[in-house]
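Chain IDs A, B, C and D follow the sequence of writing; residue 1 opens each chain.
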């Protein structure tokens, strides 16, 4: 099993490259959700500027989903920095995570379309629910890989593993709160998602050297 | 011909990278098939939740096609793990396989649109027919590469080659059954495709170390 | 200038990787041109099968453009196999080639939409004209790189260079014929484009070992 | 911190690869903005050729945005050629730059839709404003990385750094001019953007060996 260690690294390298491709495409497709106003929609009483300003939910959703997918990509890399082997269940869990990542443009567009509508709650539930699932998938992926150093690089210290554990202990409950709140108050739920995106962007950007 | 063996490996590496790109994009485009309901469609008698639930075929088709393309990607890698050289016919067969992979979003959308319609049979025939062609293309690719070790790594044992042969002997007849059944019963055909996707996901995830 | 030769190879490697990404995405976007029939279009007098068969130009155009972009990708690689350095004009010419490659989905969709219409001639002129420009861009790229071995690997024999020259002497006049014919007869022009795609696929697949 | 220098290079390599993917996808999505005329729009009094010619703003916008994204990609590489390390704020700034790059298809489509309309000014403001933001993001990225050689390769001479500084001192004020002019005259603002794209294409293509 340890006859050819480089083959393992090649293997994780491939999964990482494929995942990177999926992240890069999903993040770039988000802009397609922002509809371009048509010339015939502009009336004397309704200028282009007003039309664009009315589309604020689409710009907000674009920004929010971009930040979130970017942070997920950074996290995915941090995670793969510590992994040296792959096996079946890990591949399966990573595939499930990618399924959710490629799905993100849909709840994003749904939220933008309905955020000012009386049925905004349904859209917010789908939106925060998707992110809750992603947070759970990430935690499961890390837990599976790190339990008993199953797929980890042996040179990583227990302290480092523990530091990432803390990171993954925060995500699921935080998105669970956003999910529960979405049944009660749309603005509060979206606000929590936004704060989480900014917070994770901040920690992902500024604590990377600690983790890697 | 064997003057520069590394040039061969570089060659297969490029084909693999290009194929990976195509797989990653095709799998990410699937989400574009899921239509976002518009605000004006929501009526007092028809809430957003109902509208979303009525779109179940699109969610199911997204899930089904995602799993299938992911498994195809895993298989493609397993196959390239054993290949050390390329030649003209192999390039041609791989190109034909990629043509079918990029085509997948179309039968997926067609099936989702018509699965509850009286003409569902036509959509199911196109859908299962596409997967039958993909299974045949994969088998042809492997058969061409493995016959007399034409393009294979010489260090691979006969037992390993035989193990993959078995794998590729299952695909085409299984999808042929799904194709034939699609003329008789749509639900049964889609069910077979789904079971095959799950089965191949399971084997691809859990028997990888045996093959590679 | 020759202080750091590996930096040059890294440079060409990057341009190649970026170009590969563009080819992979352009080839995968082609399927979006095939419209999925909607349930309400199916009438007792007009079944789904008939609707799909009426879309034959879209399937044909998808197939034709897929083959052509695939062959272009293979040619691009063959070309880069011989190149060891890059400079400004080369980057500029390669960028112009990529502009044309990303443009391909548009004339493809235009031809499919109008091939049975009285104005098919305009669409065929745009279609064959695009491919003529691509053939010219490829020839210019190769001519610039190969003249006096400007950017070529010094170890490549004159005979090898000459063999590729022949290849690039065929493309532009052949597509010029398709372009001129498109003003006279749409079917003949599309037929020439199709024969060229198949011919280049055949030669690209079966004569690769000679060129590389 | 300097125990494992190759890990740093691997790190910048990944960010570069992900950024490249985003650039390649954004540049290829631009063609989706060019609408294919439908057969029913062609009338005896309005042929396909006229319809296509009327779409000139979409072709112009496609060309303009393609050149601009291509130049941005070249600049991004030149910049990463000099960088050996990454840290949190740098990741954050690069992420912000990518956000703007993926956004480009939207102002491009907006400008094309409204350039002949009485509200063209709003579209031109959004268009030139986006490019102004991109120029500022690029300058910030370079300034952060180069100040006190924070993330730079130590072997790069002060003269080289200074030469790139000049480059980045031109971009923001030039696009600021285009932005200010867009409030006064749409054609002049678009003309400036076009001249800048051509100018940067020229310098990026023909002065690369100086910078790298």
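Just so it is clear, contacts are C-beta pairs under 8 Å (C-beta built on N, C-alpha and C of every residue); 3 or more make two chains touch, one makes a residue touch a chain.
As the structure is a computational prediction, the values presented were derived from the model and not from experiment.
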- Message: By the touch criterion stated at the start, how many steps lie between subunit B and subunit D on the shortest route?
- Response: 2
- Query: At the subunit C/subunit D interface, shared numbers over all numbers used: above half (same) or below half (different)?
  - Reply: different
- Message: Among all chains, whose Cα centre is located farthest from the one for subunit B?
- Response: D
- Using just the Cα atoms, superpose subunit A onto subunit B and tell me the rotation angle to the nearest 5°. 90
- Chain-centre distance (mean CA atoms) for subunit A and subunit D, in whole Å, is 25
- Item | Centroid spacing, where centroids are CA-atom means, of subunit A and subunit C in whole angstrom | 36
- Find every residue in subunit D that makes contact with two or more other chains and list them. 17, 21, 25, 29, 32
- In the complex, subunit B residues that touch subunit C: 1, 7, 11, 14, 17-18, 21-22, 25-26, 29, 32, 86-89, 91-92, 95, 98-99, 102-103, 105-106, 109-110, 113-114, 117, 119, 122-123, 126
- Query: Can you list the subunit A residues touching subunit D in their complex?
  - Reply: 17, 20-21, 23-25, 27-32, 34, 36-39, 42, 47-49, 52, 62-63, 66-67, 70, 73-74, 77, 201, 204-209, 212
